[in-house]
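Same chain, two partners: chain A is paired with chain B first, then with chain C.
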Partner chain A sequence: MKTLIIVSHPSVLESGSQQFLIQSLPDDEEITLHILEETYPNGDIDIKKEQKLLVNHDRILFQFPFYWYSSPPLLKKWQDEVLTEHFAFGYRGNKLKDKEFGLILAIGLPEKEYKTGGREGFSISELTKPFQAMAKKTGMIYLKPLTIFQFSYMSEKQKKALLIEYQQYISLEQPITLKSREEWLLKELEKTPQETLATEDALFILEEVREVIEDNRIELDELKLHLDNYDDK
Partner chain B sequence: MEENQWVKNQLRQLEKESQDYKQKALLQETLALLLEQEKREEQLKGELDGTLWSPGNWSS
Partner chain C sequence: MKTLIIVSHPSVLESGSQQFLIQSLPDDEEITLHILEETYPNGDIDIKKEQKLLVNHDRILFQFPFYWYSSPPLLKKWQDEVLTEHFAFGYRGNKLKDKEFGLILAIGLPEKEYKTGGREGFSISELTKPFQAMAKKTGMIYLKPLTIFQFSYMSEKQKKALLIEYQQYISLEQPITLKSREEWLLKELEKTPQETLATEDALFILEEVREVIEDNRIELDELKLHLDNYDDK
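Right after this comes the complex of A and B.
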């Protein structure tokens, strides 16, 4: 599966959250990182090139800071110019059909404010309706967004959890389940470089970890099977 | 699953000593996954318990 990440930020180099995400990208996945402001500093978008990029990928992600309940201006301009009739919608405009579409949002306020009665008063699901409508009109499958609230206040532990969540959001098949995350982690552990692990026993420990994860899975599946048997009665 | 304490401690240690940030993240979240699996197991066991004790299942 090929993933296209379209980043829009007026000063991406100075953004702590955007830099963190960019550095977090896995090294060996089929991922294209596309920063609009770097590619088009003058704002002149190459429409044909952008449409080709879209066609060549299966999962399209918009990554941006959530300014005034929307994207930075260049991403809006990109939508206006690239998602044309006969390409993205309308007669024979089916080039994006069945692709996956998701949002990766950096949000300045805490999550609790995005609900009725909160300071913002509306949920992220309500505020992102135009993007949902865009996905619907173009026939794309709308994924649950990856929302990052108050990145600068995150602890190191939270940031590391975000790094893995981000990698999984980009590369894992949807819907993401406990089982699919287990499989993903096992694969990643296999690939992880040994030279940055301090102890000589690291390989042995990681092998033990694998066994425990796999044993736990067997146990979970057996429990589910028992439950299913009772449900059938 | 509780007897896996040794593995969890080793994972914590590996993370602490790793010299690579992405690797640290991977090890931290592997530990988190183990804990999640244990929680899921408890939930399923509880559900199974509840099902076994439900009067609806006594007739069979």
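Right after this comes the complex of A and C.
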């Protein structure tokens, strides 16, 4: 599965969260990083090239800061110019059909403010309706967004957990299941030479493994409960 | 009451609907028309000038084509750069508080597609959440949007009705009531020299007046019904 990460940020080099995410990306031919402001500093988008990029990938991700509850201007320009009729929608416009589409949002306020009565007053599910509608119109499968609330206040431990979530969001088969997360973690553990593990990292990964196993137990318990109910009938 | 109409369109001179609306605007010092792409062809926004414009008006309207369920890129840039902390929100950021905010949206598909199960799948109320959230954050009063569906398919009669609706949206006190619409129509009738009225225009205005009177009658009938119910108790 090939993933295209389209990053948009008015000053991406100065963004702590964007740099953190971008620098974490593995050197993997299945993953294409595409920073719009770096590719098109004058804003003149090469439409044919962009459409070809889209066609050549299976999962399309928009990664951007959620200023004023929407995308940066260059990403909006990209949408308006690249997602044309007969390519992305309309008669024979099926080039994006059945691809996966996801949002990776850097958000300035804490999650609890994004609900009725909170300071922002609307949920992320409500505020991203325009992107959900875009996915619908183009026939793409809308993934649950990866939301990053208040990156600058995150602890080191939270940042490490974010990295795992980010890399799974980019490369794991959807829907992300307990089984796929387990397999991903085991694969990553195998890749890591035992002696290079700093103690703190090792502890962190062990903790992740423990969490997965706990989730596993809960799921198994639920299954058992269902089976018990079934036997009773 | 002073109204600021901020128009954004990637090629405003070529837009039939935008030209139709813009050319209908009366020469009125209470109304400021501000076309972003004409003022800032290079996209370099004069932030101080824009903030001053906002402060000097009571009703702020965004007028744009609803491409990909959002604003054109330059209007998004304007939002990101002009609506700064300490001006539009945050500590002492109360410069827009209690102003009215409205959207004038040119929309390509018919209204019936904008609902669950329709081709677009989402309502205009859902798709405009980011603007509702912006109004909330800046303390502005969010007006019911003026939605213009499929302008290019409108009949002459529908276009004339749109002009009346547009001019009322720009200048009438909110909420727009039957009484204020009646007064507006009577004022416009008084301003029109009888002999300049083309027959068709005269008929159209008479029809509008008739419609208002009919609405009036329905409202009065309902009131009467309520009173009757009250007497019965």
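Just so it is clear, the second predicted complex is superposed on the first by the 192 of 233 C-alpha atoms of A that agree within 3 Å, B and C clash if a C-alpha of one lies under 4 Å from a C-alpha of the other, contacts with A are read in each partner's own complex, and residues count from 1 in each chain.
What we mean here is this: contacts are C-beta pairs under 8 Å (C-beta built on N, C-alpha and C of every residue); 3 or more make two chains touch, one makes a residue touch a chain.
All figures in this text were calculated on a predicted structure; none of them were measured in a lab.
**Q** Go through the superposed model and pick first if A:Leu189 touches only chain B, second if only chain C, both, or neither.
**A** First partner only, chain B.
**Q** Looking at chain A, does chain B or chain C touch a larger number of its residues?
**A** If we count touched residues of chain A for both partners, the winner is B.
**Q** Let me test your reading of the model: by the given contact rule, A:Phe122 touches which partner, first (chain B), second (chain C), both or neither?
**A** Second partner only.
**Q** Classify the contacts of A:Arg217 with the two partner chains as first (chain B alone), second (chain C alone), both, or neither.
**A** First partner only, chain B.
**Q** Please work out whether A:Arg181 is in contact with chain B alone, chain C alone, both, or neither, and reply first, second, both or neither.
**A** Only chain B; A:Arg181 stays clear of chain C.
**Q** Once the shared chain is lined up, is A:Lys112 touching chain B (first), chain C (second), both, or neither of them?
**A** Neither: A:Lys112 stays clear of chain B and chain C.
**Q** For A:Ala161, decide between first (touching chain B), second (touching chain C), both and neither.
**A** first
**Q** Check the residue A:His86 against both partner chains and state whether it touches chain B (first), chain C (second), both, or neither.
**A** Neither partner.
**Q** A:Thr199 contacts which: chain B (first), chain C (second), both, neither?
**A** first
**Q** Can you tell me which positions in chain B touch chain A when the two form their complex?
**A** 1, 4, 6-7, 10-11, 13-14, 17-26, 28-30, 32-34, 36-38, 40-41, 44-45, 47-48, 51-52, 57, 60
**Q** Using the touch rule from the top, collect the residues of chain C that touch chain A in their complex.
**A** 10, 43, 67-74, 76-77, 79-80, 83, 119-122, 126-127, 129-130, 132-134, 136-137
**Q** Across the complex, what residues on chain A touch chain B?
**A** Residues in contact with chain B: 24, 157, 160-161, 163-164, 178, 181-182, 185, 188-189, 192-193, 196-199, 202, 205-206, 208-209, 212-213, 216-217, 219-220, 223-224, 226-227, 230-231, 233.
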